[in-house]
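Scrolling down, you'll hit the structures one after another.
Two complexes come next, and they have one chain in common, chain A, joined by chain B in the first and chain C in the second.
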Partner chain A sequence: MVGQMRTSQAKLGLLVAAVVLVQFFTSITGTEYYLTQLTMAAYYGLVVIGLCALMGYAGQISIGHAGFFAIGGYISALLTTYDLTPFAASPVVGLLKQAGLLFTWENLYGESLLTCAPWTAGLAAITVAALVALVLGVPVLKLRGHYLAMATLGFGTIIYRMVLALPAFGEADGISQVPGFVLLPAGLLSPGAIMITGESNLRIFNYYVAWTVLLLGLLLLLNLMTRSRSGRALRALHGSEEAAEACGVDTSRAKLQVFVLSAVYAALAGVLLTHFNEGIGPEEATVMKSVRYVALVAVGGMTSLWGALIMGVGLSFLSLRGVFGSYDDAVFGLILLAVMLFAPGGLLQLSNRIPWRRLWPATRHRQS
Partner chain B sequence: MLELHKVHKHFGGLQAVDNVSFTVATGCIKGVIGPNGAGKSTLFNLIACNTPLSSGSIRLNGREIQGLKAYQTAALGIARTFQNIKLFSGMKVLECVMVGAHTRGRAGFLAGMLPLPKHRREEAAIRDKSMACLEFLNIADLAHSPTDALAFGQQRAVELARALAADPQLLLLDEPAAGLNIYETAELGRLITTIREQNITVLLVEHDMSLVMDICDEIVVLSSGRKLAEDSPTNIQRNPEVIAAYLGEDHEPAR
Partner chain C sequence: MSLELFFQYLVAGITYGAVYAVVAVGFNIIYNSTGIINFAQGEFVMLGGMIAISLVQWLPLAWAIAAAVALTMLIGALMELCCIRWLRQPSILQMLIITIGISILLREGALHIWGEGIRSLPYFYGDAITAWTFGPVRLSPQVVWVLLACGCMVAALHLFFNRSTLGREMRACAVNRTAAALCGIKTRNMVTLSFVLSAGMGALAGCMISPITYTQYDSGAALALKGFTAAILGGLGNSMAAVAAGLLLGILEAFSITLVPLAFQDAVAVSLLLLILFIKPHGLFGSSAVARLKAF
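For the complex of A and B:
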């Protein structure tokens, strides 16, 4: 297991190097616009690794994770665009302002708005997503297999219809003009504010922010799944719930915990991507998005956080670049179908079967 | 340490366990025998709280355990193996055994994401304990093999190691010799007696009569869910009712 730790450290080093190299390369060749899609893809990758922990490791499926992403994105967008200026005189707003939970900013038209600060809004959004996951998870995680899949599908559909129907969420238009997520206010380190935003002068910075969040998220999950008592319990209940219970694992609680965790990952991605994109629309809440996340976990190899990350980011990037054209959703459906039929162990596993791998038979043993 | 009082369990109209009472004294090996379908596995599921009682009571060290969840009885010191082996597919042998030591750890979910020194120490202790269990069963060399790649006898050994890793007070073994050859069975018999010497009480369901007669201090005979007899091995072998119950079966009392 020490060996396992080293392999994962080596992989992490390689990935960090690749992330830095890509940035250098795009800067040198003047193709920095790629970084925008790589930033977005990294946030989608965060959803995918969270779902991988739930599906691949704990064995619980969810076809509703776009719902959690949307809860995160929409609530943060709503709270940071809802102008409180008319209520500025009210004691509640005054109190919130004094507590530093609000902030004043100027939108594109030069209007001054008083809204929730992104930190407040983001935390509130993630808390709501976690609570929804908790309340949904208690009854739903008693179900297995198809039934769990259908119940989470139902949840995803409800969220989708809600964001489409509620005027507060902008109906078919979604919410736009969402402010950047200020990390450091203006004048502290640089003349302008340092924030998560789509502005091109902060493109490289945002690329690194997204990848830092993603890699930290990965590290936490790797710790949990490969070196901790709770993660072991999750993988055990995937193998046999009855035997895990007999070993003292409270399986209902463990499933609920990982469900909430994966919802928090999705919601965090929703919050950050919404501020990066300066808006969110109902397409982020569709069932097809949920199916896409499932497909990405599957193609990454189900029980591989690394596979989920690589495939999640890679295919999301291609999709964002428009490589799949108008067949975008169909491609992910096809991927899901093909993985189930030909490579249930995921695409990366497939490479083990390719003959050239036999030239280095030792590599497979060393991983164990 | 374990008291069963008028335990009933029915599945629909079928009385799987019918008015069974007996006690298991601390530090003894008690056998439960009976033809297939007699209700032995069901009895184990009741003691481990895998299935709820229809009526009656089960006490562990004087404490009623009816209504507890299976994971709670594990925390009280009941460990078990399954008749149809249930290992954790996708895990290494050592990890699988470490799950057995789950109740020995405290580290929670969030702690698992941030490996703090305290939890690393706890992990190390769990690993050492699990490794010791593998060594005790002479399968330490399998520690890093996937559980899915094991021979049948090895799977049984891993299940036993997993149960022992919990440091149980009471060990429930459901047909541990099924599928083992005579050498492996003899080895298992020696192991079970050693386990008892470590102050672990053993309740053993087994079809292998020579094993049961050799190592058990007392035997309960079940037939169609009812208790037919409860006695020492020698008396059980002479009991005409027991012999009659077994005549319709392939099994004959040994010797």
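For the complex of A and C:
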């Protein structure tokens, strides 16, 4: 167990070092535009590790996580762009304003808008996603295998249809001109406000914000899954639901907790990425997106949060760079198929079959 | 609602419902023999339509349809031979994800071969406005074709499973694979056969419906979801109930237009699916005692 912890710390150290090195490297070579896609990929990575906890540890499949991502992104976008100025006189709006839940900002055309503050909107969006997950999870998690897959697929389809059909969500155009997520107001540390936004002068800062959120998310899951009682319960559950139940594990409760947690991860990623991209469109809610998250978890190895993180960020980055061209979706389909056929333990698991120890005699000594 | 409009909705509902029924039966055939839900079921329908549309340029309509069905059957067989047959004790999650992967590949393949355009087969008899009038009911000949084809398929399948030796062997496999193998039935071939059968049925339905609903590279996904809804509604594994459930779903969906906007029509079927899963996951016609014994 101690050894496991030590390797976990070493991996974390390596990852942090890699994140910092990439930033230095891009700054030196003047290729900082890579950081934009790496930031976006990190947010997608957050969805993937959340889903990994659900699939790998609780053994439940969800083909509807793009739905939770969209709930987070769309609600946050709607609340921060819906102008409340016409209602400024009403007592409710006045009360909200006094409570500090609203903020005033100027859009691209210089119009002054009074909307929900990003903090309020983000929290509201995540709460809604958690509640939806709870309401959906109670009946759905009683089902197993195919039923669960189809039920979550159905949920994702409904969300997609809603964002595509409701005028409030901008129909096919989505919602644009979403303000930045202000972390520190202007004048406190720097002359400009420090916020999550796509502006290029805050690119490096946003890169670190995204990776901090991702690594904190990873740490929380690692702690929950390996050290807590509920984590052990989950692993027991994945092994055999009947055996876990016989040992006194409240299986449906454990599953529900992870389902809600992974929905919160997806919603948080949706909120932050929407502010970073300054908008969100219906393509974020498609079933194909949900399937893509499943593919990323599968290729990283179902039960490996590290694998899910590395593969999730890496492949999302390549996809965002447009490496796969018009074969983007096909590549993810192929990955899904190939991994399940030839390496159901994930791509990184394959490396266990390679005799590293013989290639590197020093490690043999330490590990024995 | 006028009587005429009522019958119009009813006919449309039954037409779509017949296709859902065929897809649902396809789901059941594979589910019974392997215990998996084939997510690529809707893609068979799309492929049948698309291949026939391409072939009809060179071949007479009937031959084009026959060739399309045969080719789709071949694809179904290849799918089983390449991806399912040689797996040793795959988990349900693994098989599920494999069929999802195949469905994406088939869809993307179709996108690159046929493009994003909407295509359709010509009407088998007359054209889009030809209609036979029976009192308040106006019936397009194509609707008759769809119903005839789907009805014949289901009837033939029923006879096949109950009368022929091969059909009985497949049923034996569905009940207990080990016991069937002990009786000398080649269970693996039965699995391949089930993929071939359900691919062929899907393809034929895809050809029949194509003049009415048109075919597009991504039209399979929605059909799969609705076919699955019908299969669940009837109780997974119960083919005859799935036919009734498919028709019911089609009619419900057609009449839902009077209540909710067209954009939400897909959501109606999905909401129904969720509702059934929550309340009666073993289906309207299934028994919960039997359902509990099955490994989902």
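One rule holds for everything that comes next: the second predicted complex is superposed on the first by the 354 of 368 C-alpha atoms of A that agree within 3 Å, B and C clash if a C-alpha of one lies under 4 Å from a C-alpha of the other, contacts with A are read in each partner's own complex, and residues count from 1 in each chain.
Convention: a residue touches a chain if its C-beta (ideal position, glycine included) is under 8 Å from a C-beta of that chain, and two chains touch if they have at least 3 such contacts.
Treat the numbers as computed from the prediction; the structure is a model and nothing was measured.
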| item | value |
| --- | --- |
| Overlay on chain A: chain C relative to chain B, clash or fit | fit |
| Partner with the higher number of touched chain A residues, chain C or chain B | C |
| Chain B versus chain C as contact partner of A:157, first or second or both or neither | second |
| Contacts of A:257 with chain B and chain C, given as first, second, both or neither | first |
| Contacts of A:223 with chain B and chain C, given as first, second, both or neither | first |
| Touched partner set for A:231, first chain B, second chain C, both or neither | first |
| Partner chain(s) touched by A:52 [first = chain B, second = chain C, both, neither] | neither |
| Which superposed partner A:249 touches (first chain B, second chain C, both, neither) | first |
| Contacts of A:240 with chain B and chain C, given as first, second, both or neither | first |
| Minimum C-alpha separation between chain B and chain C after superposing on chain A, in Å | 8 |
| Common ground on chain A, meaning residues reached by chain C in one complex and by chain B in the other | none |
| Interface residues, chain A side, partner chain B - complex | 1, 220-221, 223-224, 227-233, 235-236, 238-240, 242-251, 254, 257-258, 261, 303, 368 |
| In the complex, chain B residues that touch chain A | 48, 50, 69-71, 74-75, 79-80, 82, 86-92, 94-96, 98-100, 102-103, 105, 107-109, 111-115, 119, 122-123, 126, 144, 146-147, 162, 166 |
| Contacting residues of chain A [partner chain C, same complex] | 55, 59, 61, 63, 139-140, 143-147, 149-151, 153-155, 157-158, 161-162, 164-165, 287-288, 291, 294-295, 298, 302, 326-327, 329-330, 332-338, 340-341, 344 |
| Residue ranges of chain C in contact with chain A within the complex | 36-37, 83, 87, 90-94, 96-98, 100-105, 107-109, 112, 221, 225, 228, 232, 236, 261, 263-264, 266-267, 270-271, 273-274, 277-278, 281, 295-296 |
